[in-house]
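Before we start, here is the structure in question, set down as structure tokens.
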Amino acid sequence: MALTGVLRPGHVAIRVLEMAPALKHYTEVLGLTEVARDPKGRVFLKAWDEHDHHSVVLREADEAGMDYMGWRVDSPATLKKLSADIEKSGLCSDLEWIPAGEHPKTGERFRFTIPTGHVMELFAEKEKLGNNCGTDGPNINPDPWPDGLHGIAPSRFDHCLLYGDDLDGTVKLFTQVLGFGITEQILAGPDKKLMIGVFLSCSNKAHDVAFIRQPVKGKFHHASFELGSWEKVLRAADILSRTKTSIDIGPTRHGITRGETVYFFDPSGNRNEVFAGGYIYYPDKPPITWYDEALGPAIFYHDRTLNEAFLSVFT
Amino acid sequence: MALTGVLRPGHVAIRVLEMAPALKHYTEVLGLTEVARDPKGRVFLKAWDEHDHHSVVLREADEAGMDYMGWRVDSPATLKKLSADIEKSGLCSDLEWIPAGEHPKTGERFRFTIPTGHVMELFAEKEKLGNNCGTDGPNINPDPWPDGLHGIAPSRFDHCLLYGDDLDGTVKLFTQVLGFGITEQILAGPDKKLMIGVFLSCSNKAHDVAFIRQPVKGKFHHASFELGSWEKVLRAADILSRTKTSIDIGPTRHGITRGETVYFFDPSGNRNEVFAGGYIYYPDKPPITWYDEALGPAIFYHDRTLNEAFLSVFT
Amino acid sequence: MALTGVLRPGHVAIRVLEMAPALKHYTEVLGLTEVARDPKGRVFLKAWDEHDHHSVVLREADEAGMDYMGWRVDSPATLKKLSADIEKSGLCSDLEWIPAGEHPKTGERFRFTIPTGHVMELFAEKEKLGNNCGTDGPNINPDPWPDGLHGIAPSRFDHCLLYGDDLDGTVKLFTQVLGFGITEQILAGPDKKLMIGVFLSCSNKAHDVAFIRQPVKGKFHHASFELGSWEKVLRAADILSRTKTSIDIGPTRHGITRGETVYFFDPSGNRNEVFAGGYIYYPDKPPITWYDEALGPAIFYHDRTLNEAFLSVFT
Amino acid sequence: MALTGVLRPGHVAIRVLEMAPALKHYTEVLGLTEVARDPKGRVFLKAWDEHDHHSVVLREADEAGMDYMGWRVDSPATLKKLSADIEKSGLCSDLEWIPAGEHPKTGERFRFTIPTGHVMELFAEKEKLGNNCGTDGPNINPDPWPDGLHGIAPSRFDHCLLYGDDLDGTVKLFTQVLGFGITEQILAGPDKKLMIGVFLSCSNKAHDVAFIRQPVKGKFHHASFELGSWEKVLRAADILSRTKTSIDIGPTRHGITRGETVYFFDPSGNRNEVFAGGYIYYPDKPPITWYDEALGPAIFYHDRTLNEAFLSVFT
């Protein structure tokens, strides 16, 4: 009881066109910490308040985008059960077990492609770092935040927003097989029956993953990282401007989730977000519904209109 | 899966010496909204971002303190199962079913006294208010916060801190029967084996309830309400001073939970807290441990010493 | 010594197309307080932390824009001296004395048109309100902010940004006759000799008035009001969206002055700003210079480009 | 006109018992930057947003406290005039010219002892650093804050609070000779005629220097440094706790000046303050008056009582 099953987004694997500028972006600007490299040249990173070994994986490739998103489940037994449930559901393709150790310090992962074309993984084991702030030393009498933070320094990888076509299949998978709740939805069409956007939570967070219906497969809109306050969002935007990092939009507020946000791009064109705020979600809370005519304030509450890039720029 | 079992603190019933000044405090200063009164003279209140009918119950009595704390569980089936588990555990006394309707708009509640002497309740049903901000109107295209907030205006009732003697029994009940995790603990004694304080979560919150070991039964340290930011904590303290409300301590930060806080007293001497911040807890995260010699910064991170009232003033 | 001569922007007189919606905007949304009306139908307003009788004057007219901006000087003697200096300078036209009482509770005003075509006034006397927060009661043991604030509730009218052609003449007037300092300037042209924007201060503020060179006479870009924090800028933007007020841009930061800002429009199309932050200016500080190729970040530090409206929309 | 005469607090010279721990405190914890040392072993420091060469001078001595406070005046002519006015006033003793270069990069200083026993200096010349953020490079297209800030990192040295006996003489000097205004005062006695505290401004700041009447000569309560926000005050308090720096009180708000503050001690026992907020003062604004029975909220608005150290601990 309490929180069981799928616990949280555990990692996101992002393709970058060139590793050196990407690393500079993710470590010096965004402020993650490199924790490992593997023989394939992948780089593993984490944010300061995460206790797991890594949460972001960078891989050099010819095309930007998301390779896969991994979800931490509560136990090997749950991993086994959910993998069976997924198979039984018939909703996913390319089911596959990735052996332990393929990610450093990580147990075996169950990989599958969801109806919107995104590759997802479940895993039950990843090495934990000892102390409160996810760095070194024991977990005793800790300070509230670690010394030596650099760059924007989000506390954790929080969620992804993804674009894909078969939203109905993906929602069915997340809600009926994986136990997520719908926190917010965007409905369109003459009778507001067509779901064009959905925000899903496996926790008390306003979203752990979100999907927008678009006539594409497996596309990546952004990976988001959590900041503690609106003032830190301003500081993030200042750092982005100082470092000539391309800002998409913000600082502003989302209507959906109420989050305070800035969107920006890594050097390969993958969109990142840092945000603060939101609300505490509970599974008995009915979804908040946005109608398509309110799509503007739903996404960007202050501008009340989508910027050009929101629907057209993704990787 | 996801969040199941005990979902959240659902209500706290507080005894006040005189209803009129208490109501003035809880509505005009703290900024809750009165939603109902019952024939016994009890007054039911809620915070603006709660969707359940009420979260605070005030009752006039000769002595201040907490009557009981109620917990929302996910379903009638869970209510039945947990009530049986509690009975089977042999840890609690005075087991009792309170009939539906004894609280307005609320289903039957299972009541029991825990080893530290506090009365707790489980319930599965309480009427929901329709819209996003817990007021009126449909849950569609909502604004991020409602118009017409007054006073300090916390978003929700968040947790209680309670004093009692049999901490071991209470921890056993919450962790082994009710599915809570220990987020932080204070250990004392020559070999740091004696738990003198414990913070427990049934969610992603840093605490849903906390206990301090004291040679008393069923005592109430404070009920806490959530604010969205450190600036709102300052605004709260300003309102408390303007209204001549007795402030215990703050604004300051807790070492435990990292919360940004101000403590104050209602006119009957019951302690309230409003706070912001904290971190996202997951059940696989090992507890943070504080040793008794660090009790000062654990409780009040800036002063690094307990104020006189912390251990001696409770109701 | 200390602060003498021209002390501060004392009032701005704004033309609105219809008084009722304008008043609703300036009182309920922006959150000023109406203090007087006169027989001509003008409405006089003030912000909560101003001690003078009024700072905003609304007049119904066929065309939006600014009638004039008034400056408080330190004494009648200074008023007399500066009026003579202005006359002697030969830089201004339409010199005129407005008799005492033409504005309620206000002494005589010396009116003149500056080279960029804007009407300015100097005055030495305006009735003061008694207490610390500019409302009622004595100025003794005050609270830091008054109860009963409504809307965005800026503390004071802060500055105007104006468009006009003869920037050189206006700068000469403000710096050589009126004693202002240049805090920041925008330089263009092949050798960066052409000043296309200038920010002027008669105080420790980063600007009391600013001008942009445009081939127009007497045009009004915005009137700005001070907020205490970046969080209040967010709250302002939320209120603007809730009330369907047209937002021009923001929340964002200006490079020039470092201010944290949101721009919006009153119902007649006059631009308003609320902002926080900035720095402390001293007259011995050399001006900050921006080159025209950095005009984007100079104006909007995060977007790093002017929005379409900045240069083209004014009244 | 505009701001003339005495412009601002230019430096404070503090005695420390041991230079090494003092330097560690002022550079690593408070976050000033060392800019020079002289043959006498004095160390000169500045804050990041100051344009003058230095603002804090540390000198090793057997006793902590303040050697002197220096004031920047607008010109050599003003320096000459004010030195003559001070001499003529007969209010000060130990008048003395300190030759140029005694402080590095600084012109001659006129030194005098005021009626409360404090040594003050006026000076007109100190080398300016080139760029916007007071570090290196040209003053062109600047970012809003510099990279590489460390520690608490206040923007500037702001004011001192001093204890002394002849408050009347000192107030006379500052208001009648040096051109300061009284922003706030504390009045005591049966008919509220005895001024026991006074806050003085030569600018738009709520205070540039303050005095409390105490039966001592030349005592130092604190030197204060400006932060940009209440969130930075929290961050400062966190850094103070992390570094085991002795905190006197805070975070809290002052009633007087409305400042948001934390007080702490350097390793020699000299009190420092970092603060945010306040209001814009103008010389035509009547002083705010606090009666001695409201001394608690006047000094510490939330606690509403002086802490033990406020009156008894100074250097």
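The chains carry the letters A, B, C and D, assigned in the order they are written, with residues numbered from 1 in each.
What we mean here is this: a contact is a pair of C-beta atoms (placed from the backbone, for glycine too) under 8 Å apart; a residue touches a chain by one contact, two chains touch by 3 or more.
Model, not experiment: these values are computed from the prediction.
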Relative to chain A, chain with the most remote C-alpha centre: D
Winner on C-beta contact pairs when B-C is weighed against C-D: C-D
Whole-Å separation of chain centres (CA-atom averages), chain C against chain D: 31
Chain centre separation in whole Å, for chain D relative to chain B (CA means): 44
Whole-Å gap between the CA centroids of chain B and chain C: 48
Overlap residues in chain B, where contacts from two or more other chains coincide: 143-145, 229-231, 238, 241, 253, 297, 301
Pairwise touch network: line, ring, star, complete, or other: complete
Residue ranges of chain B in contact with chain C within the complex: 143-145, 147, 229, 231, 238, 241-242
Complex contact set, residues of chain D against chain B: 230-231, 234, 237-238, 240-241, 247, 250-253, 260, 262, 297, 301-304
Residue numbers on chain D that touch chain C, as the complex places them: 1-8, 49, 51, 72, 74, 128, 132, 139-145, 155-156, 178-181, 201-205, 226, 228-230, 253, 255, 258, 277, 279-280, 282-291, 294, 297-298, 301
